[in-house]
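The following block contains the structure, expressed as structure tokens.
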Amino acid sequence: MKFKELKVGDNNIELYALVIDCKTKQTVNQTPYYGLILSDGEDQADARIWTVSLVNNLKDKAIVPGEVYKFTVKVNDYAGKNQIIIGQVEDVDPNYVDLSSFYKSAPISEEQLRTEIKSFIKMIKNPILQKIVVELIGKNADKYFRHQAAITMHHNYRCGLAYHVYSMLKLAKQAVSNYPQLNADLLYSGILIHDIGKTIEITDNKTPSYSLEGNLLGHIVIGLTMLSEVIKQFGFEKTDEAIALQHMIAAHHGELEYGSPKEPMILEALALYLFDLTDSKLAGTCEIVGKTEKGTYTTQIPTLGRKTLYVPKIEE
Amino acid sequence: MKFKELKVGDNNIELYALVIDCKTKQTVNQTPYYGLILSDGEDQADARIWTVSLVNNLKDKAIVPGEVYKFTVKVNDYAGKNQIIIGQVEDVDPNYVDLSSFYKSAPISEEQLRTEIKSFIKMIKNPILQKIVVELIGKNADKYFRHQAAITMHHNYRCGLAYHVYSMLKLAKQAVSNYPQLNADLLYSGILIHDIGKTIEITDNKTPSYSLEGNLLGHIVIGLTMLSEVIKQFGFEKTDEAIALQHMIAAHHGELEYGSPKEPMILEALALYLFDLTDSKLAGTCEIVGKTEKGTYTTQIPTLGRKTLYVPKIEE
Amino acid sequence: MKFKELKVGDNNIELYALVIDCKTKQTVNQTPYYGLILSDGEDQADARIWTVSLVNNLKDKAIVPGEVYKFTVKVNDYAGKNQIIIGQVEDVDPNYVDLSSFYKSAPISEEQLRTEIKSFIKMIKNPILQKIVVELIGKNADKYFRHQAAITMHHNYRCGLAYHVYSMLKLAKQAVSNYPQLNADLLYSGILIHDIGKTIEITDNKTPSYSLEGNLLGHIVIGLTMLSEVIKQFGFEKTDEAIALQHMIAAHHGELEYGSPKEPMILEALALYLFDLTDSKLAGTCEIVGKTEKGTYTTQIPTLGRKTLYVPKIEE
Amino acid sequence: MKFKELKVGDNNIELYALVIDCKTKQTVNQTPYYGLILSDGEDQADARIWTVSLVNNLKDKAIVPGEVYKFTVKVNDYAGKNQIIIGQVEDVDPNYVDLSSFYKSAPISEEQLRTEIKSFIKMIKNPILQKIVVELIGKNADKYFRHQAAITMHHNYRCGLAYHVYSMLKLAKQAVSNYPQLNADLLYSGILIHDIGKTIEITDNKTPSYSLEGNLLGHIVIGLTMLSEVIKQFGFEKTDEAIALQHMIAAHHGELEYGSPKEPMILEALALYLFDLTDSKLAGTCEIVGKTEKGTYTTQIPTLGRKTLYVPKIEE
Amino acid sequence: MKFKELKVGDNNIELYALVIDCKTKQTVNQTPYYGLILSDGEDQADARIWTVSLVNNLKDKAIVPGEVYKFTVKVNDYAGKNQIIIGQVEDVDPNYVDLSSFYKSAPISEEQLRTEIKSFIKMIKNPILQKIVVELIGKNADKYFRHQAAITMHHNYRCGLAYHVYSMLKLAKQAVSNYPQLNADLLYSGILIHDIGKTIEITDNKTPSYSLEGNLLGHIVIGLTMLSEVIKQFGFEKTDEAIALQHMIAAHHGELEYGSPKEPMILEALALYLFDLTDSKLAGTCEIVGKTEKGTYTTQIPTLGRKTLYVPKIEE
Amino acid sequence: MKFKELKVGDNNIELYALVIDCKTKQTVNQTPYYGLILSDGEDQADARIWTVSLVNNLKDKAIVPGEVYKFTVKVNDYAGKNQIIIGQVEDVDPNYVDLSSFYKSAPISEEQLRTEIKSFIKMIKNPILQKIVVELIGKNADKYFRHQAAITMHHNYRCGLAYHVYSMLKLAKQAVSNYPQLNADLLYSGILIHDIGKTIEITDNKTPSYSLEGNLLGHIVIGLTMLSEVIKQFGFEKTDEAIALQHMIAAHHGELEYGSPKEPMILEALALYLFDLTDSKLAGTCEIVGKTEKGTYTTQIPTLGRKTLYVPKIEE
């Protein structure tokens, strides 16, 4: 059952939900309770557990954010909105319940992403570039194809990192046709590895957060370290290919004030920056616009500095 | 004969060249002479006319920038470089000499551009959008398909404006496939007319410059005026289509400090801005990179704030 | 009766007040109530309606922000401040109650403003400028003379737009005497129409807000569209007068980052910008300073980026 | 005789001119000569002295910038422009020649300025303010009424400082009528003394330059020091009048990045800043616009960051 | 007894604490109570007084922030944290209780600071500089050696101003050895007096705040006024020493946007700015880092724009 | 013989000088000549070779910038300044002439720098930090102790890099005593290696320039790569010591817009940034101030954005 199907007065409803957040709170007369934010895979909703001892029967003796539970609830009216009151909570056996629908994921499957991205890697004819890219993605493949690309911004879902790379590659392919001066091998290689550092910057938990390296170094510096190790392993240190790839990771935020220690100084680094900018702005915005009724304004959009857009009533 | 074929000691060489600039100067002992900048369609070169009376036999009794002449020259060495000394100058009969090679033009012909752009216009199914676009481009077609897009920056050549639009449309087509939330009709319409004001901002001479309206109003305000006239003519004033198109012209520079009176507030305006940015940065840069030897640095690139890029030695 | 006359313990007091805001809220034990912000024309005050069914006898079955009602109230002490508890609410018959005192208005009447502004229009001797100004103001006269100039900033009251224009005209008249190089006809014309787009940017309700055109285009673009229609109607398209007026509307925010697509490029556009800046900063600030006791600090001032000023104790 | 009356071929012409600059130069074959910039009080012109020994008969054995001399000249053509060749140079007896026309001065005389400014001082009724202003201007009166207000920017001529103050006072008088909350006594007092530090910042020579205090402290800090001395002399240290005046000098550049150590925090300081901004932008611009033909563009305008304006062809 | 020793269930505990803040609040059923923030000299804690009449027996009939009281308390559990409930409050006799531990103070005593700073003053051999420094510090000695240097930023504790000067002098001494071109006399003199205006900018109460002069003029302008009085008193007005010291106070914030009316234009002013920056950033940060467990992140650091640092687990 | 000893009329003077620059030029009548910039180790001077065949007897058949030659010269007067005319030029045998005086070097010798820096390395007690620092400096020792720290800014001379590190270490030692919360081991380690990437960023020639890695990656990214190789070699990858050192190199420019991909997030990184800033500003400035007469202004100072300082006449 989805949250949008609930209505005031419902009672003894069983539903499965992912816990986004669970905090101990206290009523004005100082009785403790739990305030939760739940997700049914589509929408989020607030809920309350008035009886804190309810959680004692759980495996962990506590409600763990990032896990899915089975809840038995009733629905009250609170200031004109539904309020979910939880009467019972039980652990879920992943063998019997399909959890995938609770975790937001990329629009296409991990398998498809692996296939599509590999077909781009095969297009790289320059042997130095290909070796570096194959090795760097290969040794980090599990994380590379499953990681999310951000915590709160664009592509913040499973396989978000790989999906972001795939979208950029498609824009780049069109650009290679528009602008024949672009070196396709170099451009594809740069796009494929530009965010490799995110596999370490963001932890791989159910509720991802920034690692210590993520906070102190950031994914550009981490990615440069990962790349330089592969370059050394193959003995490619002084090649233009190696230096160009290092430059492309370093410069992919486009401007110093966005955290790039160098601004783009080769054509393909400039193109990489422009496609990264385009995809990061459009992907996050499209997701929110897609949920907004025509003729109304969207909610605040994180990748646009919390701006609000209008969705015009225009038929195609 | 091209400039790059000239060598010191050549004499009585006949060549056709476009005059970029022609200024009266004076030697240290105060003898007047002409200093010229010539173009053979590929390269530019300095030249001098020591005998100022040479020009008297010309139709205009003067050398007019923007025109092609037949010159008879010799080549001196000046500080290690070729110096072209003009001994004779004659008018050129356009019936006997093909002038097109002297004027820089878009990579594809005006006819092809008309065909390609019209095929995009046909894809617009929304009747309001289509009517506006057809009318606005139709009544300005001659200028629209022949104008250059800028004076010193990107696409500063014949048909540059239409070629810029065409490149953006191709990027947009890929994006419509990547991001299904984009309204293709609106996005294509916006791209097709976003720079329409440039047909008035920049004069249509052989040596284009900014018009009075161009200086005082700029192509965004001029384009908005041209658009609002067509909107009124059809009675589309309060439609979302009309307001969205006006917004897209107003917002296409993306940020207030780049001269847009509004920042993008609809998804397709955001996409338009990103493709305009991408094409304007890449097109101008590619042109210069294409003329640069691998393993060396380019000349200063106007669209990149006069930055210099490195062109790596990497085989595809 | 005014809010400042109320004191704790008052009961069964009848008072007329304008509703600024009315929201449904809920007590900790989840009983709904209404939280209101009222205005007596001078001050604002919070109030509560504990019995939500009270509103059922109203014409609209609801309390509508922007309307004046008759309230019967008592006054409690809440944390050392007056708390107004509403016991009864009734519709008001505008035929029997003078509502004008509840709506903030310009310091002089609409009639005076019409007279003063028309006398400036008569000073314009240049026939092109005069025709444009007369037509543009004439066809929008009702809104032009009644609109407020902003929603939260300066001149946010009835006739605020016209009063802002009038204040600028007086500054300009002194300037024309200081600086004889100023073209008075052009300067007055520009001032008279510079904010004409606000008649469409801001809706003309009792509680004004931004229209769709206001949000997507802004008053500069809207004003330019209104002006270009009048220019076309008279056939003045290529005159310096028409282009100068268009430029003055476009440039009146003075800098690109304040939303002007062009910075002032004629002397009178520069002067217009400076008087607009001066009046917008001083008018809003003076209003707040006028309500502040000498020797103390003001509340935060919206037009000054929420800064606080000191009002010195200095006798004149 | 004025420079604009000279024509090529003139010989043995006697003219009086102010020397703006005089530098020793050298021809290509290393013969020394003098390159001069002369002013006839209206225009400037370049001139040359080929015989350097010519200056030996002068009182100072040298040509001193800032002085007026009698020159005997001929006029050559140099690259299409007049070139003044000086054949003889003589000292000028100020008893026989009226030098005033060579030095640029305010549009009204020093006497008029003294009268006008004193009438404003008399309007100040607050005794503390009046005492401070009378004393501060009185003890610096000679410099105050004769100094120029800047070296290269606006009001860079004799009596420029006092004329700038007078223009601001007239704007302020209109503003006091527009905005009754303004304390006229405080505003006039602040305007009268805001630039008092310029009497020390800029040296009082025929060719003014920045003094050491000017370079290291600037006119705001110097003015504050001059004011605090007068405040102490009268024992007004802790009065709101004294603190407000100090604040007004400190804040009159309006923003920290323009060199004010405090931004305006009282209403009259805000008004002072706005009138200073307005007069400094308009006065310098008007002077250049007044010399520009209608329908053309001005030269670069120093107070507008070297921007160029258009002067429209519009009759009043 | 210190706050960290309290545990839930404690009752009738007597403790001495400094009141940071005391506000009247109200429970949901509108019973008033006091909410306090207390300090035991090391940590801060919230506390409540449910019986407002408790304060009637105090000398001031009220709890005054900045004073130390004796409290009798019990400790409840509130949402898992200690909640201090005050049952009794009494005035404290300073003759019997040592209050110094409740007020945060510099790491070394006022006496030591006086000794250390005087030894630096004695190093100044230039008689003009020494006279000025001795007089300026001498006439303000009480405030100079006891004032805090800021309200919320760095060195916001008793003797903070003098301790800040002392830390800078030690850095400067090392720098004089590194860079022999530094004039030690001038550098030490400038450091000694650079913040003298803070003795007037910040009031000398137990709970310091900004004075009117502090708000309207700031410590740079106040310090310049204090300095110029001493310069005049000795007749040092035109000396390089006096002008250099004035410049050093004016320029010590380093950049216009940080409130300096002039940027450093002498070497020692540049050095002064750099040591001021270094000490202000490091002192405040070190204090917070010193309280943070290794391997964790600090709280937000005021002098770093509220950034959070990581304290690595690294042994020395 | 030094340049300052030369006077007009000198002939057949022999002198040794380092060639900074040598360009082929041409007189107005198109005769080629060489224009040189020479250095005698203290000052620079322009010189000319009119007879271009003079260079044919040299070993390289050309004058090579960065080399010292023996010149035979005469001295002409050119526009009031000495002009050196070279009559003869010969190669120099380094076995017979001491060339060291022609190359600018650090104030103390390479040997002293090695000793001083090693004594700081020995103070590092933490074994991980010490191993990393010893290895990183050890394997690059020749470049580390001889490189210059910049091309045009501060420390642009032999051993400039090591001297910059040494100056910072001395400031840091004082700071460790001022601020006991600083981890001295970490701070010294960070300072010792922060600029290690400059050994590759800047080429090690007699006339240093930026390498390809220097242009495309910069010394921060290069240094990070060098460091991560050593970290991997010892297996220190996940230690706080390794991550902290990586962070310190990444953050040492202090702000994103100065090229640091991360701003300081640990205390010692903040301190490192502040000492780097202090030494880079003071060292370059002191050098120029040291050559400037008291009571005059300096030339433009590169590290201060080309600002000019005043050197006051103040005795110590």
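Structure notes:
When the chains are written out, they are named A, B, C, D, E and F in that same order, and each has its own residue count from 1.
Following the convention adopted for this analysis, contacts are C-beta pairs under 8 Å (C-beta built on N, C-alpha and C of every residue); 3 or more make two chains touch, one makes a residue touch a chain.
A quick note: this is a predicted structure, and the numbers were derived from the prediction, not measured.
The chains in contact with chain C as well as with chain D are B, E. Greatest centre-to-centre distance from chain C is found for F, with centres as Cα means.
Same-residue interface: chain D and chain E share over half of the residue numbers found at their contact. A repeat of the E-F interface exists among A-C, C-D or D-E. It is C-D, with more than half of its contact pairs matching by residue number.
Remark: chain C and chain E have CA centroids separated by 45 Å (rounded to whole angstrom). Counting partner chains per residue, chain C shows two or more touched chains at residues 28, 212, 215-216, 243-244, 265-266, 310. The set of touching chain pairs reads A-B, A-C, A-E, A-F, B-C, B-D, B-F, C-D, C-E, D-E, D-F, E-F, using the touch definition from the header.
Residues 212-213, 215-218, 220-221, 224-225, 228-229, 232, 243-244, 246-247, 250, 256-262, 265-266 of chain C are the ones touching chain B in the complex. Residues 125-126, 129, 167, 170-171, 173-175, 177-186, 240-241, 243-244, 263-267, 270-271, 274-275, 277-279, 281-283, 285-287, 289-290, 295, 304, 307-316 of chain F are the ones touching chain E in the complex.
Those residues of chain C that touch chain E in the shared complex are 27-28, 78-80, 310. Across the interface of their complex, chain C is touched by residues 24-26, 28, 30, 32, 212, 215-216 of chain E.
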